[in-house]
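Read from first to last, the chains carry the letters A, B, C and D; within each, the first residue is number 1.
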C-alpha cells in the first residue's frame, strides 16, 4: 500500500520499519528529521511536511506522543484533515484521549475521509519484533483493509467495535491495568524485601504460579533488579496516559480509586525528578516510602 | 507416611483426599465430624480429637480458617504442642499471620518438635486436582522430608527460605496481589462497560494480550459473567487475609496504599452483606460505585 | 458605581441585591431572564444582553456556574472582552479554574481592560446577609477601587497577591479543605454511630472542643440530622470544584491523595443519582459503605 | 481526694501537678522514678510500686503511652485489678483501644471495682494550663464523683454515655479528625506554595474565614513555619492512635479510607526516620511528595 507514517519515536520508527520490510511504499515524516534517516536507508521516502506525507496516500498512520501533537498534526493548518485525499484513511495508533478520538472521527467523516483507531500494547522491543498487540475499532470494511498493515506490525489485532473511541478507551484501561500492576508489585516487593525475602526468589514464585503473564515477568524483573533506567516507557508518559484514563473515567462517571492513587504516585515521581525513568520506578517510590 | 490432618474445609478435605489417594496413612480430624465421612470412605482414619490426630504420627498437617482456630489447635489444651511426639513435624498450610507463624516456630522448637510453614495458592478445584502451588519455608532437611506430601497435593512446591514465617509473608503478599488485581479489573470493567465495550470482548483482549495469566482468566470470567455466587473463596476470608497482610506491613513499617484501599472495599462489602459472596465481588462494588 | 452584574444564581442574585441596596447603579443580566425580576423590583436595571451589561460601566461582576459559562460570557462573541470599555474592570467572582483565570488576565490586558479575581467562600444564606469571605488578587490600585463593592457583599475581603489566578487557587484549595472535612466527618460519624454514640452528642463534643469553626458546625449539623436536601451547594458543583483543584494540582505537580479520594466519592455520588443533593451527602456515602 | 496517679509523661506529669495544686492527696508512680521528682517537690507522695499507688486510694488515675503499658499496669501481676480496694475506681485517661477498654470494664467489675474511661484532647501546654478537653463515659454516679478531678485538669468534661469504651471510640475518632485535618492542610499548603502563595498569608485566610478553630491555628502555624521539632505529639504516637482507630473501624465494619491513607503516610514517616517529629510532619511528607 502507498502509506504515510508520521511520528518516528521509539515505537513509531520500529513500526514504520516493519511496514517498509513488509514491502509497503512508506513516506515518513517526523518533526526532527534526523530520526527519518535509518528508515530512508531501509527504503522509505522522506516527506518534507505532513502534507507531503498525505499526498496521494491510501492511508496515513500516526504514532504521536500525546493529544497536543496528535491534534496539531491532524487538525492544524496543513494537517491530515486538510490534506488527506477523500476516501483515504487515517489510522491513528497513538495513545490519545477518548475525547480527541471522538473529535477526529467526526471531523474526518465531515471531510469525507475514513478514520480508524488502533492503539497498541507493547514496549519498543516488541514493536521492533513486530509483536505488538493492536486494539482496533472503526468501520468494518476499513478495518479489513488495514489487516495487512496490522500483520506487519503486530502479533495480533483484536477488533473491539465500530466506534473508534472504544479502542482508545480499551487502550487507556489497559495502560491503567499495567500501571496498577506495577504499583501493586512495588508494594509487594517492598513488603517482602523488608521481611527478608530475596527479591529474585520472590519473582520466581510469582511468575511460576498464578502470575505467569508476560507483564509480570517484564516488570517484576525490572523491579527485582531495581533497574529503572534507561526507560522503556517513561514515567512522564505513564502519567499522561493515566491522566487520560481518569479523564475518560470522569466523563463516564466511573470512580477509579486505584487509578487516582497511581496518578498521585506518578505525579510525585515526576515532581521529584524521575519523569525520565521507566514508569515502573513507581516501585522505587513504594520502596522509598518504606524507608528502603 | 503416618499423618494427621486437621481442618477439613473445602480446601483441607481435598488436600487430605489427595494424601490418602497417594497411599499415606492419614488420620483426619475436624470440629464438625460429619465432614470427615467422605474421607473415611476413601480410606482415612477418624481421629476423635486433636490429640488422637497427633499420637504416633510423623507429621500433622493443619489447614484451618484463621489465626484463632490455628492458635487453639496448636497452642490450646490438648493441642499439637502438647501432643505431637518429639521430633515429629507440624506442617502448617493455613493462611495465618506472620506473627503467629513466628510464635509457632518458637514454641514447637522449645517442645522439641519440627515446624514447617507451607501455605498454598489455589482455589478448591485446584486443591481437588492436586494442582496447588505450595510456598514452603523451614529447616531444609524437614522440608525435604515433606516433598512426597507436597507432590501429592500440589503441582509445584517452591522453597523460599529457612525461616517459616517468610512463607506466610509471601502467601499474604500473593493474596494481596490477587485481591488488588480483582479490584483493578473491577475498575477497568466498570469503565469500559460504561463506555459501551462488551465485557466478554474486553476479557478476550486482556487475556489474549498482556494478561495471559490464569488469575486474570479465572477472575476476569467471573467479573464478565457477574457471577459471584457461589463463592470459591469468600469475601470474609479475603478480608481476613488482607487484614493479615496489613498487620505484617504495619509491623514492617511498609505502607501499602492499594492494600489499604482493598481492605476498605472488602470491609464495605462485608458491611453490606456480601461476606459470603466470592471475594471477586469487589468488582460488583466498583460497578455499583459507578452507578451500574 | 455604575456596574454590570452577570449571573443570577442563588449566590449571584443575593450578591447583586446587596450591591443595589448599597446604592450602586447595577445592570443585571442572566441567561434565564426571569431570575432578574426580583432585582429589578429592588431597583436594578435589566440588561438585555452581555453587551448591554458592559456598556458604559466602570466594572462588570461575573458570578457564573463554571468555566464553560465564564469562558463564553467573557471570551465569546459579544462578550466582556469585546464590549467592556477600555480601562473598565472585570471582577470575576466565580469559582473558575486557575488556567482560565490566567487566560482572562492575559486577554483583558491585551484589550486594555482591568481584571481582578475575587472568588468567595460562603453558602447562599451568607451571601444574602452580605457575610461572604472574599479572596482577592490583582493589581493593587484596581483592588482598592473595588473595596466598596467588597464591603457591600462580604464580611471580609482578603488580598492574597497581585496575580489574579492566585485567588482562584486559594479558593479551590479552600473548597478542597471543606470537601475533605466533610468526608472526614462522614467517616467519623459512621464509625461512632456504629459504635453506639448518639450523633448529636458527638457533634456537641466536636464543636465544643477542638473543632469550634463554623464549617464544622454547619456541616456537622447536616450530617447529624442526615438532611442533605435541599442542597445549599450541590454535589455536582462540589465535583466540579474538586476537579478544578485536581487540575491545578496536576499542572503544579502536587499529589493530593485526599482530593483524589474525595473526587472519586463525589463521582460515585453523582453516578448514583445524588448530584442534586448537598455536597455533604458525601457523609451518606460513608454511612452506606458501612452498611448504615 | 486520696488519689494514685500512674504515668508521668509530658501529659501525665502536668495533669498530676494540677491535681496536687487543687489540694488532692496524690501518690505518683512512674516506671522511671526520676520523673516523679518535680511532683514530689510540689507536694505529691512517691509510690514505690503500682500497688503502693493503689493502697487505700479512692481513685487511681492512669495516663499511659499505649495498650501494652496500660494493660500491664492494670492487668499484670501486682496491678490495679489485683491491688485497688473494692469500691475504688480506676479512672483511665490514656488513649487506649476500644477492645482494651471493654476488657478493663469487665475485669474491674468482676473485681468489685469501678472503671471510668476519660481520655483527653489537648497538647502538653493545654495539660499544664488545666485546659484539656475530657471525654467521659461510665456509670453516672462514678462520673459525678470524678467531677472535682476533671475540673482540676480540664476546661470541659463532656459525658458521652454509660459504656466506658464509647469515650475511647470518641477519642480515637477525634484524633483521626485531627490527623486527617493535618494531612489535608499539608496537601493544601503544598499546592498553594507551588502556586506561589505565601504560606503565612494563606494561613491568615484559612483561620480568619471558615476554619477559625484552634486546631487549624495550632497546626497551620506549625506547617507554615515548617517547624516540626520538637514534637508536641510524636508521629509514632499518632501512628499508634490511627492504628487503634482503624482497629475499631475494622471491628465495627466501617471503612475509613482517609484514616487508611493517613495511616500509610504516618507509616512512611516512621519508616523514613521521622517517628520522633511532631505528627504534623505529615505536611512535610506532602510537600516532599510534591518535590518541595
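Keep this in mind: a residue touches a chain if its C-beta (ideal position, glycine included) is under 8 Å from a C-beta of that chain, and two chains touch if they have at least 3 such contacts.
Because the structure is predicted, anything quoted here is derived from the model rather than measured.
S.K.: Between A-C and A-B, flag the pair that has more C-beta pairs in contact.
M.R.: Result: the pair with more contacts is A-B.
S.K.: Taking mean CA positions as centres, which chain lies farthest from subunit B?
M.R.: Max centre-to-centre separation from subunit B belongs to C.
S.K.: Taking each chain's centre as the mean position of its Cα atoms, how many Å separate subunit A from subunit B?
M.R.: Whole-Å distance between the two chain centres: 38.
S.K.: Please compute the C-alpha centroid of subunit A, do the same for subunit C, then give the distance between them in whole Å.
M.R.: The computed centroid separation for subunit A versus subunit C comes out at 39 Å.
S.K.: Can you list the residues of subunit B that touch 2 or more other chains?
M.R.: Residues 249, 253-257, 261, 264, 268, 271, 289-291 of subunit B touch two or more partner chains.
S.K.: Give the list of subunit D residues in touch with subunit B in this complex.
M.R.: 243, 249-250, 253-257, 260-261, 263-265, 267-268, 270-271
S.K.: Across the complex, what residues on subunit C touch subunit B?
M.R.: Going by the criterion above, the answer is residues 264, 268, 271-273, 288-291.
S.K.: Any idea which subunit A residues touch subunit B in the complex?
M.R.: Interface residues on the subunit A side: 98, 121, 133, 135, 156, 158, 160-161, 163, 165-166, 169-170, 173-174, 176-178, 180-181, 183-185, 187-188, 190-192, 194-198, 201-202, 204-206, 208-216, 245, 248-249, 252-259, 261, 286, 289-291.
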